[in-house]
Every structure is written in structure tokens, then in C-alpha cells.
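Each of the next two complexes has subunit A plus one other chain: subunit B in the first, subunit C in the second.
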Partner chain A sequence: MSKSSMSDRFRKVDVDEYDENKFVDEEDGGENQGGPDEAEVDGLLRQYPSGRRGNMNAALHAVLKNPPINTKNQNAKERAELLVVKVLSSFKTSDIEKAVGSLDKAGVDLLMKYIYRGFEKPSDNSSAVLLQWHEKALAVGGVGSIVRVLTARKTV
Partner chain B sequence: MAYHSFLLEPISCHAWNKDRTQIALCPNNHDVHIYKKDGAKWTKIHELKEHNGQVTGIDWATDSNRIVTCGADRNAYVWTLKEGTWKPTLVILRINRAARCVKWSPRENKFAVGSGSRLISICYFEQENDWWVCKHIKKPIRSTILSLDWHPNNVLLAAGSCDFKCRVFSAYIKEVEEKPGPTPWGSKMPFGEMLLESGGGGGWVHSVCFSHSGNRLAWTSHDSTVSVAEGGKTGTVISLRSETLPLLCVTFITENSLVAAVSIQDTAVLDSEPVHESLDVPKQAAQKGISARERFQNLDRRASETQSTDKDLNTLHKNSISQISVLEGGRNQCSRFCTTGMDGGMGIWDVKTLESAMKNLKIV
Partner chain C sequence: MRMSLRHAIRALKVIEVKLLTGSTATLRPYLNAVRATLQAALCLENFSSQVVERHNKPEVEVRSSKELLLQPVIISRNDKEKVLIEGSINSVRVSIAVKQADEIEKILCHKFMRFMMMRAENFFILRRKPVEVSHVYLDLTHAA
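Presenting the complex of A and B:
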């Protein structure tokens, strides 16, 4: 009887959205963060075999630039992760320590975030390589850098 | 450096009296024990039994000699010493979750209680009704308040919360005080006004502390950082990333240095240039614990649990340090401070010996 005269649009309202206790994270503009520049990183990587070790560190720095932390675009995050793992895998074991040493504290934290992200999706030899990087990064960053990976609300 | 082991249970919280001869602490149960210093020994002189839940916060008003305690039973009691015994007065906080921390204001005419109900209760005494009354600060707190600290002007209150933010509120109660003058943090201070909110996204804010002048505010966060903000300079927050597990408590010992105690044993002393530059973090005593498995293996092999000395726990505390308090010198010239922890022990640290023990560190 009353159905035809009253609106029932209220039934489509999601009440949970209006719950006072619901915790809403801060929204930071993440649209501009597309992840590291592939072309730049590839270029630097290709120069490695010619023995210019300086460029490996540069490749590492380049790939750690512009991390897709705030963006919601999952593709950007995955592309960034694959690129980082590629760069980390192309280092010689003896060079890892120096490379980590060339990073500043924020860089070491970011590196740790990528390392753990890389552990989530292992492929071929990636875990072994990442473990070596993890050991060196831990020596520099300490347990604190791992705590920051665990507590970060917006991560790569 | 002195260490006294009070109990086997963790010490939940502690507070000192004015001349530092008595300490009130909670041995992880519903009571508060007061110990008195007897030469080198500590003897228990009082037991304050009133709470129905764990006592989560104790603060001793040194000048008026009153103790306020708050507990997981959602109550707070103000204790006054009458004829040699401590008599409690209930304070109705109107919260529906456990109280977490409590602090007397500098002039001891009011106190603040942080709780799991996502609000801060500011309590003051109403003379006409002979009763403690409370007012709430609710917005925009989104989670449990873990720690509180008052500004020396008796009005501003810093609160660290589980919603990853550290905030400064005004707790101005017109019934008990006159209007406060302007401070670097702001000049308009009606009750409940928020004067500072730190950026979120760090980790739970475990501990907050104002410096002696009140111009600086430091807080420790669960992402192993210590941050310092300066009043009047919004946006300039220095964050020091620590290499240790999260620091659980912090206090200023001079205007430019802080002591923060780590989740396990270490005490890191941080020194800063007045001009926001990098902070130095030298550490006290290397710590390497033996895992339980190794202990049993040692027991098997050598009938003793210990190994060589360099693998022993050679730090003062054997477990997390949960609270730190200044003993002598106030927050601008601290010469001694005290830490209590989960190992049931209390450590008293001397700033001068710390300074000489750590190279590269000069406490300014």
C-alpha cells in the first residue's frame, strides 16, 4: 500500500560509510607518481657491462626516484617493483654494500620497502638476490628500517 | 647508574614524590605500592587498593602531595594523605573504555586523563559541590590516547594517539584559571581548540614531551622515529629515524637534548643543534640477547645457562623500558633520570656519566 507512494532510495544507502567510528586514511594526491623512469633506468643499466661501476649506483638511485607510494594505481606499483628487482639482480654481489652505502636514510628505508615487496612475489632467483640486499640494508638501516616497512600505511 | 629490581612482574607505571624519597608504582595488578628509600634499600610503606582493573597511569602532584591514578576499570582516583594513610576520592571520567594515562597540570589544579574512548578528560575540583568534575576533548581524536604532557603554561596539552598523530590542545578551564597569554603555539585558546596536528602515516604515537620552556614538543612513534616540532614554525618537524625497535618513552633533559628509551633495553640520547640539523644517535651498551633455545642448549652442554660474557645481556634493564621520568634538574638541566620497565626493575641514570661514556656526544 505505502510502497508505491514512498521512496525506497534509502535502501541503497551504504550505512557503513557514514559510521562515525570509521577511520578514514588521509588522501594524499598520488596521481603524479608514476614510478621510476624506465627509459632512464634501462639506459644506465645497459652501460654496466662496460665496467663503469659508477653507473650502477646511478641506476639504483634512478630506480629509487619517484616511488609510487601514494598512488592507487596498482599497475604503476607493479611496474616499479619489477624494475627495481631487475636493477637489484644486475648488481654484482661485491658491489651491493657500496651501493647501499651511497643511499641516504630515506633511500635505505625505501629500498627495504621494495625488498619486502619483492619477497612477496618471488621469481627465479629473485629471493636469493633480495636476501643479500636485505642483509646489507639491515646493516645500515638497522631493525628500525624494517619496523618502518611494517608500520608504513602507504607503501610501494 | 643504579639499578634496583623491585619485582618479577613488569612495572606498569611509576611516579616520584617531591624529594624523590618515595616512589609509587603499579606491579602490573590492580594496586599501587608506595616504596620508601631506606638508605640503600627500598621498603614498601603503603598499598593503595581501590581500582578494579590494572592501574595504567600514576602521577604524583609534588607540591600539593596528592596522587592521581587511573586504571583499566575506567575510573580515576585522587589520593590524599590523611593521618598517615592515603584516602581515595573517586573521579567520574564518563568514559566507556579503559583509561590509559594521567598527568597533573603544572599548577596541580587540574589533571588530564587519556583513554581508549578516543577522548581526553580534563578534571578539575569544583569547590561548591566538593567534587571532581570533568570536561571532554573529543574532536578530532580518532583513536586511543596513549600519552599526555602539559605545557608549562598550565593550559596547553599535548596528546599522542593511536591514530598516528600527535596533537596540541587547549585545556583552558575558566573556572580555575585566568586566560592564558599568547604562546608560540597560538594565541586563541578556547577549551578543546586544537593548535597543532602532526602528519599521520607514521605509527602510533607512544610518548610526547614538552621541553622545559614549552617551545618544543617531541614525540616518539611506532615507526621507530622521534620527531620534534617547534612552536610557531608549523611545518618544520624534524624526524629522526632510529635504527632500533620503536622507542616507547621520551623526555627532554635540556632544551636541546632528549632521552628516549627503546623498546628493548637501549637508551638512546639524542642531541640536536638548535637549527634543525641532523640528530646524532649514539647508543648505550650493545645488546645481544640469547634466545630461549640457546639457553636450553647451553644448559644441556655445560650445565650453565650463560655463555661467554659478550653474549650476555649487558644492559641495565633486561626487558623493555616503558616509562622514563626526570629525577633531578627538571627538563632543562636534568642530571638524573629514572626508567622503569617490563623486567620489574628501576634504573637510575646519571647524565654526566652517560655523557662521558659516549664519545661524540656533548649534551648541550
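Presenting the complex of A and C:
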């Protein structure tokens, strides 16, 4: 049996890669999203002991601004997550409900995403605090907010 | 040593008592959070394989197409107890890490695992080997 004189390199081509219906995740340029501003959030947190409750809600809003959803930079994402967990831990239990109430729908979804991110690295008391936040956020957002966390293509 | 159903139920009751006598403050929120997440993730429908015709595979095991998979999500009570939930369009994998503080709890957990593994067909459980660090793992498909 003589070998065919034509090249047989076509056999090494992975045909599935060129399938038109193959699903590819959109790659958005997320270079500018650095995550929430640390200095701003720290400043607002430090004002908390002096008794102005309004600042805690402001700290929460500040830390939920500018989420690093599109970046591929893992450091930015981890920094953002640590910052969020810090802010969530410094709330008093009785204030959690009002804080969640002050968020809009997108904010509640983003908060849920951060809560589940925070569950991945349990440390000291963080899980207990996150469980309380989860309960309150669930009351406001409903099961739908969890579904939106599960189905999101880009995680925080 | 084989374990009968009655033994399994008694073992579960002991585990439950041990869980309750520990820090109960986080138990209720933990179970509620797991229940709510499972409610969101256990939304399954029949979906035939897109790769092989006339085949129906659990996508969470096969992982053939990215668009069929959900984000894996962890709910943790502390660093020893957590539940990992990986969902897809027609199947869900739930991996449970149970706290094993002393020897008796380790033995009980081991017996409970053996019980579930040996009766996997009756429970419609598909996977018998654990995923990374977890002790009980259940694969649930839309058919079950």
C-alpha cells in the first residue's frame, strides 16, 4: 500500500474550534476597572465610630461602586473582595437591614455576588457575618438575585 | 461492616445533635442560605447532548459546552464546613464538607458516606468519587 502523496495534516486540525455555533465568552476591555477606591472607603469607615449612621451606608455604596467585573487582573478582584468583606464586617447587625434597603436592584445583585465570593475564603468570623448579610439580601432580592449570581458570565 | 437503614438514621440523629450543640447561631442562617441557593440551582430541564446525537448526558459531569454551565458557588459556615454547588442546565453537583471534630464524628461520616455510595442507584446519584475536599457529594439530574 503506497502512502498517498497528498499531505495528511488535515487530520490534526481540531474541527470543533472552527465551528460557527461554538460559544465564546465576550471579552470586554476591562483595563480601567480597578475596583472600589480604597482611600474613599477607608475614610468613610473611620468616621463610623463617631456615630453618624449615614456614613456606613455611604461606605457600602462606595465599596460597591466600580466593581472589577471585566478585568482579568486577579489582584484587583481580590483587593475588591477583601475591601467589601471588611466593610460588611464593620456593620452592626441591626443596621444591615437598612443598608440593604438603601441599595437598588443592581446593587443588591452585586452585593450577592460579593457575598458568595466572600464565602470562598472563610476566615475568623467572616462567614457568620456573611450569612447574616445573605439572609437580609435574600429578603430584599429574592431567589432571583441568587439565580443572577449563578448565571452571570462575568464574576466580580 | 454494613450499615442498615436504621443505623443510618441513628447516625444522622447523632450528627444533628452534635451540630446543634455546637455554635447554633450560624446553623440556621447556614441551612437557610444553602436551601435558598439550592432552590435557585435546582432549576433543571431535559437537554440532550449537543455533541453526540441521541445522547443525553449530565452536563455538569461532561462539561462539553461553556454556555450550559452555571457559576460554581460555595456557602461556608466556617472553614471546615461548606457546601459547593455546581449547576448546569440538566444537572447539579452538590458537594458537602462536614465538620469532623473527633474520631466518632469521622467514623460516623465515613459510615454515612458508605451508605449513600452503596445505595447510589436508589437515590439516583451518579457520582461516587468526591470532588476535591468534600465528604459527601450528590449529582442530581433532571430525571431524579
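Basically, the second predicted complex is superposed on the first by the 134 of 156 C-alpha atoms of A that agree within 3 Å, B and C clash if a C-alpha of one lies under 4 Å from a C-alpha of the other, contacts with A are read in each partner's own complex, and residues count from 1 in each chain.
Quick note on the criterion: a contact is a pair of C-beta atoms (placed from the backbone, for glycine too) under 8 Å apart; a residue touches a chain by one contact, two chains touch by 3 or more.
Everything numeric in this text was worked out from a predicted model, so none of it was measured.
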When subunit B and subunit C are modelled together on subunit A, clash or fit: fit
Partner chain(s) touched by A:F23 [first = subunit B, second = subunit C, both, neither]: both
Partner chain in contact with A:G141 - subunit B first, subunit C second, else both or neither: first
Partner chain in contact with A:F119 - subunit B first, subunit C second, else both or neither: second
First, second, both or neither for A:A59, with subunit B first and subunit C second: neither
Which partner, subunit B or subunit C, touches more subunit A residues: C
Partner chain in contact with A:T155 - subunit B first, subunit C second, else both or neither: second
Partner chain(s) touched by A:L131 [first = subunit B, second = subunit C, both, neither]: second
Smallest separation of CA atoms, subunit C relative to subunit B, angstrom: 5
Intersection of subunit A interface sets (partners subunit B, subunit C): 23, 25, 143, 147, 151-152
Subunit A partner contacts - residues on subunit C that touch it in the complex: 25-26, 29-30, 32-33, 36-37, 39-41, 43, 65-67, 70-71, 73-79, 82, 87
Residue numbers on subunit A that touch subunit C, as the complex places them: 23, 25, 116, 119-120, 122-123, 127-128, 131-132, 134-135, 138, 143, 146-147, 149-152, 155
Complex interface listing, subunit A residues touching subunit B: 23, 25-26, 105-106, 109, 141-145, 147-148, 151-154
Of subunit B, residues touching subunit A in the complex: 142-143, 163-164, 199-203, 222-225, 241-246
